Each structure stands twice: as structure tokens, then as C-alpha cells.
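Listed next: structures, encoded as C-alpha cells.
Both complexes below contain chain A, partnered by chain B and then by chain C.
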Partner chain A sequence: MNALFDLLLKPFQSLNPVWGLMWISALTGILMILVFKKTSNQQAISRLRKKMGSRALGMLLFLESPPTVLKLAFGLITDNFIYLWHLLKPMLIITIPFVIIASQLDARYSRKHLSADNPSTATVFWENSIPAEEFGKPEAGILISPVVTIADSLEQSFSFTGSNGVFVYDAMGIRLGSSGSSGSILVRGAEKSGIIQALFRPWNAESPPGVLKIHSHIQGIHYIILGGRWSWFAVFLVFSSLWAILGAVVFKVKV
Partner chain B sequence: MILPALAHGYIGPGAGFGILTSFMVFLNAIAVSLLSFLFWPIMVLIRSVKKSKRPLKPRCDKVVILGLDGLSPHLVEKYWANGDLPNLKKLAESGSYHQMRTTTPGVSPVAWSSFQTGVNPGKHGIFDFLTADRKRYLAVLSSVKTKTSTVKNFLGIKKEEVSSTLLRMSKPFWNLLGRYGVRSTVLRVPITYPPEPLDGRLLSGMCVPDLRGSQGSYTVMAPEGSDTHFTGGIGCDLRQKEKGWWAGSVPGPEGCEPVDVLLKQRKSGNWEVHSGNEKINVETGKLSGWLTICYRAGRTKVKGIARFRITEGPVVYCTALHVDPSSPVVPLSHPVHYSRYLAGAVGQFATLGLAEDTWALSNGHLDETCFLDMAWAYYAERRRMFTNALTNGKDGLTVCVFDTSDRIQHMFWGNGFEPGSVIHTMYLEMDKLVGETVERMKKNQRLIVMSDHGFTSFHTCVDFNRWLVNNGYMVLEKDVETINASYHGVDWSQTKAYAMGLSGINLNIKGREGKGIVTDDEADSLMKEIREKLLQLKNGDNRVIRSVKFARDIYSGGYIDRSPDIIPGTDIGYRADWGCVTGCVGRETLYPNDRHWNGDHCHDSDLVKGVLFTSWKHKSDSPSIVDVAPTVLSMLGVKPPGYMDGRTL
Partner chain C sequence: MKRRDFLKKAILTPAALAALSVGCGKTTGRSGKRLIVLGVDGMDPNLLESFIERGLMPNTKRLMEMGSFSRLGTSNPPQSPVAWSNFITGAPPPVHGIFDFIHRDPATMLPYLSTSEVSPPDSTLNLGKLRLPVSGGGVNLLRRGTPFWNTLMDKGIPVTMVKLPVDFPPPAANKNGLFLSGLGTPDIRGSQGSFTFFTDDPRSISDNTGGGVVIPVRDYGDGCYTCRVDGPENSLIEGSPTMSVEIKAWADRNSRAVRIDMGNDSIVIGEKQWSPWMRFSFPALGPLSTVHAIGRFYLKEVTPKLKLYLSPLNIDPENPALPISSPDWYSRDLAEEAGLFYTQGFPEDTKALSRGIFDDDDYLSQADIVLEERMSLFHSVLSRYREGLLFFYFTSLDLNVHMFYRSMDPASPLYGTTDPGFSGVIANFYSRIDIAVGEAMELLDDRTEIILLSDHGFAPFRRSFNLNSFLAAEGFADISSPYERNRDMYACLDWSKTGAYGLGLNGLYINQAGREKDGVVAIADKKNLMENLKASLEGAVDPLTGNRPVKNLFILEDLYPGFEMPPWAPDMLVGYSHGYRASWETTLGAFPEGVITDNMDPWSGTHCISPDICPGSLVTSMKTIPVNPTLTEMGSLINAILTEEDGGS
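== the complex of A and B ==
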């Protein structure tokens, strides 16, 4: 999955990250609407929409008769539940690819590049015991606070800054940050490898021997679009939705 | 947690919109309900004030009128004698039953216009299906005038716009009820197109055109079929494509490209018909449900609906392109969104004025079974609408006209009326409908079941134009023996009279007609002369013409000039021939009617009386169709206006 996204984002490597983010959002919007079309009962949705529209019109037509309006309102709400029921299947199917895409985008676009003026914190959870020896200096980046050890929970925490986008501390088995190119994965932790990690938490690397997991807290990033500060998720939400609307019109999808 | 922290509120495009829309629906439902409750007291107050001004004391809360077009009193009485039609019998016993006098002539546009206005045709101006364009000697639709005009929109861009005007004059009685706060629901009453504003809801009936602007033009597609036009329809080629697919083009409105429909035969032998994004399954030999077909006129979408039937060949029959009630391109109802409401509430429905495709049956493109399937499908749609109207209003007026009875009698009169016959089955079904309606009626509500005319047989055609030629009243140009269209070949400089429509002879009056020669002084004696001769017309020993009436004697009002001058009333079995209605002249005055259309009511109006059942007893022995309007007005507390010709029953 990482390789696929690297390939999709290759043309945007040298551009501002927002372009890659918008490209994936557009692609997602179109693909999701097509999946929705394929997996939903379009005829039933169309029929139901007509019926619901008719009930809404009926409420206006019979405004002078509250019992009729109530009857129609009740029918409308009942139809609404049926409508939600029709959405359930495509929703469940869409959830899986959606989570995978969102995870990839989170891994690539949610955090600031590691740099000297961007201090972060990291916590290492050891598997069995905390090594007794001193760790020395990191290979890349700077430790800006001493390592704090909580022996009972086998945790060690510290704050750091990166250098050229990475923080490498081989003594503890820590390699955080990204290659620096736009849209590449920014590693911000580690855990035991597995399918869940590979698909849904691509921001985690494989834990080194003796380490259970590594968590880091790297500052989030905001994108300036139309004069506003947008989180990666807002960009994704808005642009994928806009493209989905366009897709729904072009591919005549009943939503 | 698997999801990224921010993703909890987002399900993905598509389903996301769905959820959003669904919340909007909840909001809408709650908001409109609240609105209804807020406005209800105000509306009740306004309505009560209006109602309190009614000059008469209302005798009931609600009147329901069930119109069964063409229900014949002779058949009703015949079936009663066999013990059939128990619901109608019960209604007659608990209320009243009478044969009801119809208009002259007893045809639907005239009779239903008199029904809704309470006046004779001289006051509402409808005398036949067709009326004469006297200047050009053309037969034109009597009830609707359509014109195309160029209009500018707010950007100043010019656009062609088609507008229709209802030519029926006077006022329907539901408009008078509306003045006093009494609401009406009017469904498919003939001659209500284009719909006029009223206090209530109205769905237009007879004369609503199809998308081609005609009164019903179907399409037949067959392999190597050529593009042909025939009476009632169009023939088109059906092209074979790869992998069992076929494609045919359905011509639509003028100015729009034909739309392709794609057909695919399934393994079961049945078919799928596709048009754009829409698809419908068609069982071989059976009539399908509705399929939406979308045309484009520039940027405007023009939507129609049609049913299909596919037989071996494949030969594809496609009904006339009915205006889609969900997205009507011409106004079908008042308010405009009433048709949209109905389409959602009861499903898509036939909107064409004369929906049952009698031409396709006559031309052999539909068999009897399929025609009946169509007629009953449309009946079921109407019934759902009627039930909806009955359920949604506890006071005021509800009127619904069912055409099924008329169409079936037109097409199956020759098959007989015995138990098990198509007509007998239809009468039983109508009786069942009456029974169900009676059950729905509540205390202090009144029911009227009526027909606009009765029925008799139509075995012999009378070519009135040939008769006029043979008697020297119409002269054809040199070497012209017969005329196939619109009097092309008539020598107007010597012609004194011409027949047009189903029951009218016009004099070629100087100054009135385009090339008139008959002076006003000559007219009277000429009319009398024609009457004397027409009454002598015989078929062997049988009388052909039962009566000849003059418009000036039987009509009163400001629109008599639209009427034909002489109205011959044919005897049972005889009717104006198909051609002379639109200005043709055949070879013989009398010839056998060999068409499937073998029942009719365009005869002397005394022979085709309708029925009138009321759920209350009244004293009138000889009610007339014009009496219904004043009766309903009185029932609901409104004084019938003086111009009405009918009297309160």
C-alpha cells in the first residue's frame, strides 16, 4: 500500500504537499462515488428519493390539515430509516478503503517536517526490561531533554529535534521522520509488524528487538488555503466531497 | 483505535452525503410539521370566516363525485336484472338512481364541460372534440389552443416558449366553492388542461398532450423497419448490435434528437430495456412498467415515460411518450407540484389525455389482451390516486373520473355483454370501485356516481361529406372524386355546407367562412332543406338519422358561433365516419365500420343517456348533466349562480 501511494504521489514529490493531498482527495472522491454506485441499490434509492420528495411536497400541499401533515411526516421519517438502511451496505464496504486511504494521508500529511525549530517528544515502551547502559548522542537530531525513565511501566521519554527531517537514535532503535520529499511517509512511532500495522498505521515502523512500541508526539501541520488554516483532514473532506459531487453528476449516481 | 483521530465524523463521500441528507429530511419533517401546527389555527380561522359567508346552510361536509365515463344505464339495468352490480343496486336503493340526460352531442368533452360549469355548450364553447377554423376550413382541437412565442429571459436571451390556453369558457363549480373556503381535489376530469388555478388540487385529464405534442402517438420498432408515419403512431428501425443487444431510436418532441433505447434478451427469453441510466425488465409479450426517457432541447431536459411490449422478431411497441409527472415539461396539475406529489405517493402514472392506446389495437400493434392489460394498469393507477385523495381530505369536494369504462366499451362493444365478456367484467369492477368508495364515505358526506353519456353500437359509418356532395351541397373540384385530407379539392365557390367533427354540419356562410357563399337570408331555408333530406336517409329500411337539431334552437349563450350550424343525431349503430371528421370525402355515404372501435356514443343524445346515482334521495325524475354543478354547490352551502342552466336536485 505504501508503494502504491508513493507511486501515485510521485509526480507531486517536488511540489507543495497540498497538491498531493488534493490529488488523492479528488481520486478518492471519484472512486468512492463509483464504489457507492456499484454497491448500492440505485433503483431503490431513486424510488425512495422520489417518494420522500413526494411526501415533503405533500406536507406543503396539505399544510391546512395537521393530521395529514403528521401522517406524511411520519412516513417521511420512516422512509428516512429505509434510506439509511440502503446506505448501510455501501457504507460498510466503503469504510475499509476509506480508512486505509485516511491512514496513508495521516502518515504523509498530518505532521510537520522534523527540524531544529520543531521540538517533539518520544516515548519508548520496552518489552521486558530497560537497558542499563547509557545511550549517548543520537546519530541524527538532538536530544533537548534528558531521558526520563519510569521503571514500573518500562517507559523512557525524552524530547528532541530532528535534523534534515529525521531523528535517528540507534542505541534505542529509534528512526523517526521522513525522507523530506513532499508526500512521503513521516515515521512517528514503531510497533510489532503485522497486517493491521501495515494497512492502518503506516506511520509506525517495525519495533527494534527488545522494544514493545515507540510513540512520538510531533507537531501537526496546517495548510493555508483561501486564506484559512486547513488541517489535512479538512482538505481531504472538502475536496473529496467536491469531486464526489462532480462524480455523482457525471456518472449519474443517486445518493 | 484504527481510524485516524479526526475521521470519526466522516463516512466517505456518497454515504456521507446520504447521512447529511437524511438529517436534512428529519429537520424538514419536523420543521414543516411545526409550521403546519403554527399556521393551522390561522388557516382554520381564515377558512372559517370564508365559509361563514356561504349564503346557504351546507347540507354535508363533503361531496365525492365518482365519474365513470360512458357507463351505460341500459347495461347497468340489464346486469341488475341478472343480480349483478350489488353495490350500485344498494346505492340506488338507499339513495337514488336515474338515467341522466347528456349534452348534444353526447361526447365527453362537451358533456364533462357542461358537468363542471353547469351550463349548456353555448355558454362554455365546447361542442365537439374538434372545432372548425372557419377561415381556413381546418379541424382544430376544440378545448386547447397552443401557440409558440419568443420570449426573453432575465438575461435578455431569446427563447421559444410553447404555451397552451384552455378554450372552455365559463367557470367550473369548484372555483365557486373555493371563493367560500371550500377546497376541492379534482382528478382527471376531461377538459381541464391546461390546469386552472383553484382552491385545492387538480390533475388535468383529457387533452393533455404527449411529448410529441399529439393526443397519443406510439412507436413501433422492428428489424429493417422503415421510418414511417401511420395513424396513431410512428414506425422505426431496430438495429442489431453485438452480443444480443438491439438498439432503436424513439423520436421525441420536435427539436429534440431521438433517444436510443437499448434492448437485451436475457437467457430466460425476457428482455431488459435501457434508456440512459434507467432500465426496465420486460416479459416477452407483456406490457412493461414505466421507463423514463430523457430528451434534450438545448440545455433543457424533457422527460417522458413510456411502457414497452416486445414480441418475437423482436418487434418493440412503445406507448405514447407521456409527460413525466415527476418532472412535467408542461403543467399537468395545480399546483404544479401536485403531479410530483402524486407520482411519489402512488407511483408513476399515465398523464396523456386519452391514455389507452386504441389506435395500436386498431392497427394490430397490440392484441386485445395487451390492450386490456394497459387499460387495467391505468385504472389501477387512477384508483390509487382516488384513494389518496379520499384519504387526505375530510371535507370539501373530491372528483375523480375513470376513463377505463369508456375505452373498453369503445373497443369491445362488438364482443357482447354476456357474463364473462370483457364489458361485463368491466362493469363488475366498476361496481366494486363504487362499493369501496361507499365504504370510505363517512357520516355527513355525500356520494355522486355518474357517467357523462351511455353507449351503443357503431356498425355503420356515415360519410356526411359524401352525402353533402351527393345532394349538391358540397361541390368538388374538377376530376376530384374523393378527398383524403382537410377538404383539399373542395370547390368552395359552389359549396353550401361541409361536415366537420363527430356531429356537425356547417354552412359555408359568407363573411364567416373563408370562402363563404351562403348569405344569412339563405341560411334558414338551407338548414331546413338539409334537415328534411337528412331525416330521409335510409340504410335499406333502417333509419340512419334520428334527429336533426339546429344550434340556435338548442344552445344559448355567447359562444354559439363556435358551434356547427346543424347537429344530426344518428340512430343506434350509425356514426359519422372516420374521414369526414377531419374534412375527407369518401366514395360512399354508408359503409360498414370494420374497425376494432365498434362501440360509440356520438348518436342522438337521447339514445346515450348517462347514469346518475346519489347517496341521498331526490325528487327529480329527469336529471341532466348540467344539474350536477348547482346540486353540489347547494349541498356545500353555495348558491348556484343565475347563469347556470342546471337546477338543484
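== the complex of A and C ==
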């Protein structure tokens, strides 16, 4: 999945991250609206919307007749439920790729790249026992604190900075960070591989032997857009929605 | 930032576009001149000359040789808020209204910070326990008068004032101005800097709350300490309860380190290490309203006892809870580029050193961080600077000389107990400021000038003068409750028999009938009493040294004839002699035993003395400057330089 997205997002890697994220959000919005068009019953939605429009008009026309208004209102409520039912299938179909894309973007655009002036903290959860050998000098990056062992547990934590975007402890099998290029996955932890990890937590690598999982706290990033500070998710949500609306108009999608 | 990056950013953000209009605008209709003013608080001319002679300040020496060097007349009293207000308004205290760090309300006799105030809302909407402000309320700058830069902005000349003292909250947004508040900016709790110290060492726990709080914590055997960090009061809830967040500190005594968990964030620090800035969020109204702050942890010790220091919680420049810049995006923009920085006015934690929470090494490590941050901010500001006025303020010399004067003063009572290794500390800070001067000088060209100035100089603070105790001993004040002598705000006084009282670092007040809450001195008797006080104080002798602790007693109406004094103004200013200063107890109205005592506080340098003893410094790239210049003339000089082509000179 990661390799597929690396390929799909390659055209955006030369862009500034904020522009890359905005373009990907725009394409995602258009893609989602097209998937919606394909997977929804457009004719039924169109008919239903006309019907709902006529019921609303009828309510305005028969304001002097409360029983008629009530009947039309009841019909409108029923139509709304039918409308939601029509939306359910395409929304369910869209949700999975949407979450996968969002997870990939989270892995690529939500954190600052590791650097000397960006200290981060990692916690290693060992499977059975803490190994006797101590953390030595990392192959890449710098250990900037002693390693803290949490009493009565199998947790060890340390703070570090990266060099060239990565922090590497070959002896422990720890590798965090990314190549540093815009839009590449920034690994910020590890866990045992599985479908959930592969699809929804692409920021986690495969746990090295003896390690249950690794968590790290790497500083989040904010994007300056229109004078405001936006999280990656706000950029994604707003721009994908805007382009989905635009796509609905251009491609005549009944929503 | 490179010009290309800046232009890129300008395309992306309206904020940067606004900056572009300020910093890189067309010069049509303006002189196009540039003036960099480096405001270095407390740069003493004698020390400056000495360090230049020793070759420690080559850039400043070059600037002097190129232009001019002079002593700069300071304010009376020579306190930073007063002096910088003189600089800003070009007027003396009766005009700008700042006479001391501390003023008092004569109607209530309660002290307050002289530079800014927080006023509660005029009306609130009460919904159960909720108190929603409807109108009024906010933070007000108490400095009056017209700042000199208004003239420049009116003429379309860009003005950038970074870390400007006595300018909190900053002025309203102006298309020609960028402002970041400096001295006077509070921490998130509204104080001038209140640290938190978590410890399980009973010897560190005391009732003394000066400068911060010590919070006892306990390890229940798992190495985990649960620590409560207090934030500001929540004025949206009835009774304004204090907002707080909980953190956990996991101690590993083998590796001598702790892991600090706060919400979703964690950091590991070893002994004698500082954390990076950590973000604190205090929900005031659930997710609808959150107060953001930043703080840094310092692990002083983890074994045998935990000693974990948390800096005063500063206003987050990227998400300010109170206005610290104008326009409001400016602090965020600087933080994005230069990194988070101390926003409080007094960033060096001198109180932690005075209270023994820090030792000299701990304090210096923090002072280093402050200066590094300030330099980073300076680089960022300098790289954006295109034209007009750029004022940049450094606080390091002032606060560090206050704390380490003892290291170079053999007559200091603390000289013998100060590690000789610290004897070069002050020289080191001066030479680092010299680096900033060198960087500014790289911009010198035929349309650019540089002014390096300080608000005052320095002198040793060897002996503490208990002004109020002196007044009591000489019969000007009457102590009715001797057991309350050490309590603040005149708890021991019988006001009906008191003619005068001291407050603040230099202020001396007459207990005037009709003005003070329990005033007894009739206006007709006031002048006579002041003359008696002058004779008595100027004639006082230190029995230990034989010196006179008070060089001059200034009567304000003689000092500023023709000015109407506001009710909060002191009646007299005590101009202490070289080596003396008001005791800390005097500043808040206590009456300790003894009139003159050795100053055993690391705060061993002072400038709150007679102004002729501690002038400031003025170094410029210009050959011609006013004769015997004073701070109040600097605004006119700056305006003249920048409006030269408009006939401003």
C-alpha cells in the first residue's frame, strides 16, 4: 500500500508540502464525488429530490390547510430517511478509501521532519524482557537524553534528534523518520504487522525482534494558509470538500 | 529567510503579504533610509570601555571609531520601565506616568504593577456557574504620552519594534508598524514570571512564594510523580478557579533522568538538562475556549530527591492568549521562523537563583537559552528588514549583571563565596552582544545608520537600605505592631502617627491628608516635612563604612517644576549612593530590624540609585550626535535621521 501511494503521490513530491497537500486533497475530493456518482443510484436520488422539492412547495401552497401541511411534512421526513438510505451505500464504499488516503496523508504530512533542532521522544515496549545491552551511539541522529527505564514495566524512553531526516539504531532495529523529501512517509513507530497496520497506520514500521511496539512523539506541523494555522487534516477536509462540491457541479452529480 | 523564500511565503500567506507591504514597500514619498537601534538594557559605559580595552568587543569598538560614543543621560529614577518610557515618549515621568516598577493606589494603599493592568469586564452574562463577558474588560497599557514612532508611521516610514519595553499590550495594528512586546509582558498567570518547582525534598519546601511556588510531590514506589501545573484563573467560571493540568514524571534513578508525560506528549531529560518548549493547554470552556501556554522543564536532580523545575508558563507566541504583538500574526510569524521563545518581559529567572532553587550553573544555563533565543529572533528580524526603523531589545546584560556583579566586585559581601570561575560571566555576555552589533553592522551602507543604546548603567549593590525602618527610627513613621515589622504593606504601622513611607525601589511618599487613605499630613506642612526628610536622609551615615547611603533626595515638584503630578506619583525619589540600594523589604512596605544590612542576595548589581552614578551608553555610526545626550532626546534623533529628506532634521 505504501509503495502504491509512493507511486501515486510522486508527482506532488517536488511541490512545497502545503501545495502538495492541497492538490492531493483536491484530487481526492473529485475522486470521491466520481466514486459517489458510480456507486449511488443517481436516478433515484434525482427523483427523490424532485419529490422532496414538490412536497416542500406543497407545504407553502397549502399553509391554510394544516392537515395537508402535516401530511406533506410527514412525507418529507420519510423521504429524508429514504434519501439517507440512498446515501448509505456510496458513503460506506467511499469511507474505506477515504480513511486509507487520510492515513497515508497523516503518515506523510502531519509531522515535522527529524532535524537537529527538532527534539523528539521515543518509547520502546519490549516483548518479554529489557535486553542487557545498552543503547549505544545511533547510526544516524543523536541521542540527547539518557534512556529512562520505567519501573515495573518493559518500557524504555529516550529523546533524540535526527540527522538527514532519520534516526537509526541498527542494533535495536529502530528506524524512525523519513528520507526528508516532501510527501514521503515519516515513520514514527513500529508494531507487529497486520492488515490494520498496513492500511490504517502506515506510519508504523514492522516491529524489530523482541520489540512489541515503538511509539514516538514527533512534533506536529501546521500549515499557514490565509493567515491561519491549519492542521494537515483541516487542509484535507476543507479542500477535498470544496473540490467535491465543485466536482458535483461540473460532473452533474446528484448528491 | 532568503528573499526568494520570503517571496514564496508572501504568495502563500496574506500575513506575509502584509509584512511585504511593511518591510519591502516602495520607497516613493519616503526617505528610504534605514536605522537599526539596538536597545541593550543595562549596558554600562564603564564596563563597555573596559571590555573594549580588553579586546572583547571588536565590533562595538569599530562602530565607536566609525561614529561616536557617549554616556547617555538616564531617567530619574533610573529604572528600566521609567527609562524606556522616557525613550518612547521623549518626555519625563509626569508625562508618561511611569515613576517606578510599582505604584500604589492612595485610596486603598494597594500596590500594583506600574506598566499595565487587567480590567475585568463591565458586564457579564451569568448562566449557572458560567460568567460570559459581554462588554468591557481587557488588558490596558498604563504608559501615557505619544510614542515617537507615530510620526514615522504617519509619514509612511516602516517601523519594527521587537521586544519593545513598556509596550504591553502593543498598540493597535498599523499598516506601517510591527510590534512585539518586551519588558512588562506577563506570564500566563499574569505575574512577571512565576516558576514551579516540584520536589520531594522537604528542605526545599517553604512558605516563601516570591517568584514562584514549590510543590511537594511524592513517589509511591513506582518512580512516578504526579504533578499539578497551575495555569491562569478561569474568569469564565464563578469564583475564577485556577485552571490546571496534570503531568506525570517517571524517574529513573539509575540513568538519572525522567520522562515527563503530558497529554499526548512526552519528553525525556537527564539531570542538568532542559526540555524544549512544551505546550500546555488549559480548557476554560471545554473545547470552546482554551488558554495556550509554553514552558520548559529543567531537571536539577533526580536522586536522592526529585528536583524538577518548570519555567514560568509563557504566553504561546503561536497562539497568544493575550495580545503580545501587533498585528497579532506577527508573534506567530516570528515563532514559525525563529522557533518558540520566551514572551515574558523578564525571561531570566533571577528569582529562582535568589531563592536557591537554582545555583549559579543552573541559572547561567537558563540565561544562555534566553540569549540564544533572542539572537535567533534577531537573525530572523534582521533578515526581513528592508527600510525604516528597526528597534531590537536585549535584556541579557541587565539581568545577568544584576545577578553576577558580585563575581567582579571584591567589596561585595558575596564575592568570597562566589566561584572564581564565574568572574568572566559578565564579559562573556557583553562579547555576545557584540556579535549582534557585528551582524547589524553588516547592513551598514550609505543609507543605513546604527544606534546602540542602553537605558542605564550599573553599580554594585553591597548594602541594603531599609528605608521604612529608617523612617521609623527617625520618627517619620510609627510602628504600632512590632511583631508585624516583616509583613508587607505597612502591616505594623500606625498611620495616624506616620508622616512618610517608602514603596518601590526609589519612591518616598508623604502620608498626605485627603489623598492617602489614612493621610494625616496637611498640604501646608508637606513642603516642610519633605525638606526635613531630605536633610535627614542625605545626612544618614552607614556605621559600618562611614559612607552616606543616600546621595540625593529629589523632591518631585522641584525636579519637574510646572508639571501636574498624578495621584500615584511619589513625592520624593531616593537617589542612593554607589554601593547602596533600597532593600527588597522596602519595596513592598516592610520594616525589618536594622536600617542598613549587607546584601546577601545574588542580585548584587543595581541601577536604582542616583541617576548621575549610572548613565547609559550611546554608540552610533554617526559622527555628530547631541551634546550630553539623554534618553528623552533619542526619539527626536531617530525621527530626524529617518525623515532627513523630508526636512525632518
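In this section, the second predicted complex is superposed on the first by the 235 of 255 C-alpha atoms of A that agree within 3 Å, B and C clash if a C-alpha of one lies under 4 Å from a C-alpha of the other, contacts with A are read in each partner's own complex, and residues count from 1 in each chain.
As a working rule, contacts are C-beta pairs under 8 Å (C-beta built on N, C-alpha and C of every residue); 3 or more make two chains touch, one makes a residue touch a chain.
Just so we're clear, the structure is a prediction, and the values are computed from it rather than from any experiment.
Enquirer: Looking at the overlay, does A:Pro90 come into contact with chain B only (first), chain C only (second), both, or neither?
Expert: first
Enquirer: Does chain A have more residues touched by chain B or by chain C?
Expert: Comparing chain B with chain C, the partner touching more chain A residues is B.
Enquirer: Thinking of the overlay built on chain A, is A:Phe158 touched by chain B (first), by chain C (second), by both, or by neither?
Expert: The answer is second: A:Phe158 touches chain C but not chain B.
Enquirer: Determine, under the contact definition given at the top, whether A:Trp230 touches first (chain B), second (chain C), both, or neither.
Expert: A:Trp230 contacts neither chain B nor chain C.
Enquirer: Given the touch rule stated above, what does A:Ser103 touch, chain B (first), chain C (second), both, or neither?
Expert: After superposing on A, A:Ser103 lies in contact with chain B but is clear of chain C.
Enquirer: Which partner chains sit in contact with A:Tyr169 here, chain B, chain C, both or neither? Use first/second/both/neither.
Expert: neither
Enquirer: Which partner does A:Ser65 contact after superposing on A: first (chain B), second (chain C), both, neither?
Expert: In the superposition, A:Ser65 touches chain B alone.
Enquirer: Examine A:Phe125 and indicate which partner it touches, taking first as chain B and second as chain C; both and neither are also allowed.
Expert: Neither chain B nor chain C is touched by A:Phe125.
Enquirer: Using the superposition described at the top, list the residues of chain A that contact chain B and also contact chain C.
Expert: Common interface on chain A, chain B vs chain C: nothing in common.
Enquirer: Which of the residues in chain C end up touching chain A in this complex?
Expert: 8-9, 12-15, 222-224, 250, 252, 254-259, 264-270, 273, 276, 318-319, 329, 332, 336, 339
Enquirer: Which stretch or stretches of chain A touch chain B in the complex?
Expert: Residues 28-29, 32-33, 35-37, 40, 43, 50-66, 68-70, 73, 76-77, 79-80, 83-84, 87, 90-91, 94-95, 98-99, 102-103, 106, 110, 196, 200, 231, 233, 237, 240-241, 243-245, 247-248, 252-253, 255 of chain A touch chain B in their complex.
Enquirer: Given the complex with chain C, which residues does chain A contribute to the contact?
Expert: 16, 18, 117, 119, 121, 123, 144-152, 157-159, 217, 222, 224-227, 229
Enquirer: Using the touch definition up top, name the residues of chain B that touch chain A in the complex.
Expert: Checking each residue of chain B against chain A gives 2-4, 6-7, 10-19, 21-22, 25-26, 28-30, 32-33, 35-37, 39-40, 43-44, 47, 183, 201, 276-277, 279, 326, 335, 337-338, 340-345, 392-394.
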